[in-house]
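Letters A, B, C and D mark the chains in the order given here, with residues in each chain numbered from 1 onward.
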């Protein structure tokens, strides 16, 4: 395993779904940054299950304890320059119960990591509740991102993500220059999509999938506003390189495209190029098909990307699999309750990862 | 700049389009590997301009000299365990002529790195012919990939890429389990697309764009066959993380999706999941919507991904831009000859990068 | 801060002396390794204060909780391939009391990090009890090393360290080929020195320093036996590079020399060279002035190095310093009780770091 | 092999002694820095053999060609932000002659890397003239350091090294606060030692060793002046960690100690601590036993360290070794001419590495 990313701001994620705890260490944070714990918890709450009837019914308090890297000063929690460790204890951890899901090592769940983990670590992996591969691991990632987001906000930089589509239900993309208010409004909806009119069709897609013991995928759009131009190190430490490498750490995330991305690939240069213009006395681009990035470096426009989230692989329908002991084909029925749409709760996680990567890129570029 | 990627097999790219040379250092190659220089040159030729009338007329011999990391033994060139450096001298380098393109620092070309480079390095960047941002830098990357490909081939591992679409012209995806012959046949076509029947429409798209002083984008599909299961380190050193981080180093590449990717996000779990089956006595999956990867780890199926390449931003039509000295809007006309479809020549580059990343992942996983 | 080292086996240390907890994450451990917790605690005990009257009287239980990376199987704690996090809660943490030592930001203690931390982080650093710079941070490092040592022992590899000298009291170096028994005997002594006859003079040096409100330095020798030949990556990932980089993370450690080191530099080649011989049917060297390393690569002989530990800078005598607020010279008196000889408790820490680096090097070289 | 070091300023060394070329890539240099080529060559000349009768008679022009990373502006060579590659072609390369030294793979030279390279790479390594392990590889390292030194000098930062001792001949350490003039005077001597009075005895030591077909070791002291306080990232990216890791890449270097180092370990805290004082209106320390570093961070005093260089292992006397084919002990006689004192020419190499590490540390700390 190598559950780390970042060059100067280095993020290390640890924990298993049914182990004692999950958590994160952030090394390289600037010192002297106040952490508003209520705001951090509000950010965490956006990812928490059980917000509405569209997510799993499993409840975890998900209260990150900041056990290092901070100091109390005048009643505030302040970063002190040493690595920040946030621990979330698994309140419902059932360590003796590991065979429950461990059986999936014998009859691996389709499109889960059961089979690949078995090949890689033999029987040694802790795959209870998917272990370190569980979507639960995005909780510490979200906590870390919440800290980064607060530091960025102090510099006028905001990441905002939305559910752009769920299955066939399509919302609208963010406007050319989204505002912080757009992000706040989006996050406040039952389904965090920018286009309020799309909430109903999205909800319907999720409910329909759930009703059929099925799951559904989605696309998340994320924009980062306020980033200064000149950030990002080409060729392999550019904005796209750093973001994509970190984003693919989110379970179920299968694709990343910047700006016009795959649509742009079906287009012409005359249409896809972003003309430079003067806007409010400053250089800007008229369109943003480049997603705010040229040559790996920010150009001052919003950084915009979309990520695809596959349908939750755990579904209640019977599925075909293989019995690894007998090497025969068999059928598998997964019980328990799972998110019918992993994309829904992944929205703040994408925001969190984007914030962490931005903070790292800014630090490398000496702009923090 | 940070023009390096790789953990154990580390690749460092250097050079500017109109500097003295461009090149690459590969550190961490296994020792004792024969390099077939003719095969390497044949691989390079697939990327070379001027293969047909669809690419730029600029000619560069692009002969990589292996100045370190190899030794001659019994008439063969063999890796010796120390870093391999391949240098390609720019035979048409016009170092005194840097102002030619340098003028783009004043009136930046839309969707090029002129503006961001100016913001980042002021006037210090060498942007002649786009400098280090030039597509020419993919020549050493291709040379490095050719070396990696030979090492992989010796272990029965092959990467093959194809042009899946050009503008609106669409080809067919590789079959579930493509063969090496499929790759060879694809590479031998005038346009390297798997579906021979798509060649005409793709050629027409490119010619139409060129005729209108325009350019057109495309999508590249790549498959890697022969990879053993169990390779890849989650969460942030998985196959997708490592591949995407390296791929975004290719100029004009704007998106990466694995397996069903964005299509899968519009789908249901019951359809997107890959049932495990027994095929030829071994565990396999019936479909490959996971692109051969589960939890960041290879599952033994072909690794499959698609990458979007934007239309070449250099087009001969007049474009709107800004005069940085006067801060007024103006018009720009780019002369010279450019590839009307950057995706065409990027096909072997994607293959090259995939080979390098596979070699690194195999080395990390102790499977070389 | 960047409190991480290691390439494949990556160690991240966190915590402050008077924060809530200190701890460590080890990413990249092999899976399926049993951790004997009693043995781990026995290893920790060797570093613990209060073992005898020669160390600080401050007591910390120092019980590392393994909150991730392990699974219970058949009553054993077993590594599961995901990052292992060990947390040690500070039972005597007095978070409200930070001003106690924080005053040292105004009148910095000579040869402590008070001044440099103030310059680097302004008032934001948590320097209570030296914060992240405290010798207490070697507790999690020792826990991590204990885990590594158990994994190595299973492969017949053992690191053993000893106090070679304390002030002017000199012990004997390990023999050419020390055995595990030598290490066990050494560790069992009141003062962990190989030469039992040196214990009295060393104890006397420490007591004399303490009696005079002073401290005394020491030299630690470490040997690693059982390492196969061929491990280590030149030029900058060789055994010496990796070891020294990690060792200098131990507070108060000021120098590292391999084999004959500085003595060898005063010598002749004819004397310093290690003739190759056949010993027990295998290639060996007659002497080991190379410290088991040639060209950065292990040669199969014991890896031998010495490290210098400066006298504990905290002494009870009045010392000259500067008042940073008034920028005038002043005098400082440090109260509290400190180890009169930091080298004493650093012995197992050096062993721990050596074990972690060996495990990383073996993993890189594909020998685990 | 992993011949790279540095975090933001990354240095990659390549080449073999009798390959086509040796060279270096520096990634992450600041842009817009003028490189005075004559000054660079003057720096290289300090390392070149044949300066006097105390070094090997092998002559190499050692002219580094800057093939990337620079641009000519107004007659000056200026860094342009992209990776700088410097290549030195081996003018006397005899690639067909590799068996000459290759024989050492069968009868390995004592204290050389012949044996360890054979174990690691089998017969695949290019060990002709020691291949990548050769002292010749310090030529590109020196070129890279010369570039770094010029960038540092522009900020008032200078590294200076001297031969502190040769065998038993001892010179004096640099004064508490050495000046640039001290460095210039030292470098100008026949033997680059600070204490002019020590030149004769050092020369005598070297000549005596050479006369007896032997070699002799030495100690190099290095000081860096002008470094601002607050540079260095604890715990594992501090000044000592970064310097030692890079320094051990210099062949024959066996130990590194900072400030009082091993002497300090034999001392008392009351003597070894550096009292803070006001000097010229600024905070300073009265002594510098800390070598300018506290807690891994610079304190504004000169950074001072000493490195031990072992006697050149190639000596003309017969030596005992093993015949690897027959596994019997035998005798070996090394012909050819070698430096009787490797430490002599290593002086500018240590300076070069120190300059590169300082540049990296300053860049990380955002002070460039």
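Note that a contact is a pair of C-beta atoms (placed from the backbone, for glycine too) under 8 Å apart; a residue touches a chain by one contact, two chains touch by 3 or more.
The shown structure was predicted, so the numbers you read here are calculated from the model rather than taken from an experiment.
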{"item": "From chain D, the most remote chain by mean C-alpha position", "value": "A"}
{"item": "Separation of chain A from chain C, taking each centre as the mean of its C-alpha atoms, in whole Å", "value": "38"}
{"item": "Geometric centre distance via CA averages, chain B-chain A, whole Å", "value": "27"}
{"item": "Whole-Å gap between the CA centroids of chain A and chain D", "value": "46"}
{"item": "Sites on chain C at which at least two other chains make contact", "value": "1-4, 8, 13, 117, 120, 132"}
{"item": "Graph class of chain-chain contacts, one of line, ring, star, complete, other", "value": "complete"}
{"item": "Touching residues on chain D, where the partner in the complex is chain A", "value": "7-8, 364, 366"}
{"item": "Parts of chain A lying in touch with chain B, wherever the complex brings them together", "value": "1-5, 13, 108, 110-113, 115-117, 119-120, 132-133, 137, 165, 167-168, 209, 212, 214-219, 229-230, 232-238, 240-242, 244-246, 248-249, 251, 254-262, 264-278, 281, 283, 285-286, 289-291, 293-300, 306, 308-315, 317, 319-322, 324, 327-329, 343"}
{"item": "Touch list for chain B against partner chain D, complex", "value": "1-4, 8, 10, 12-16, 19-23, 25, 27-28, 31-32, 65-72, 78-85, 87, 89, 95-96, 98, 117, 120-126, 128, 131-132"}
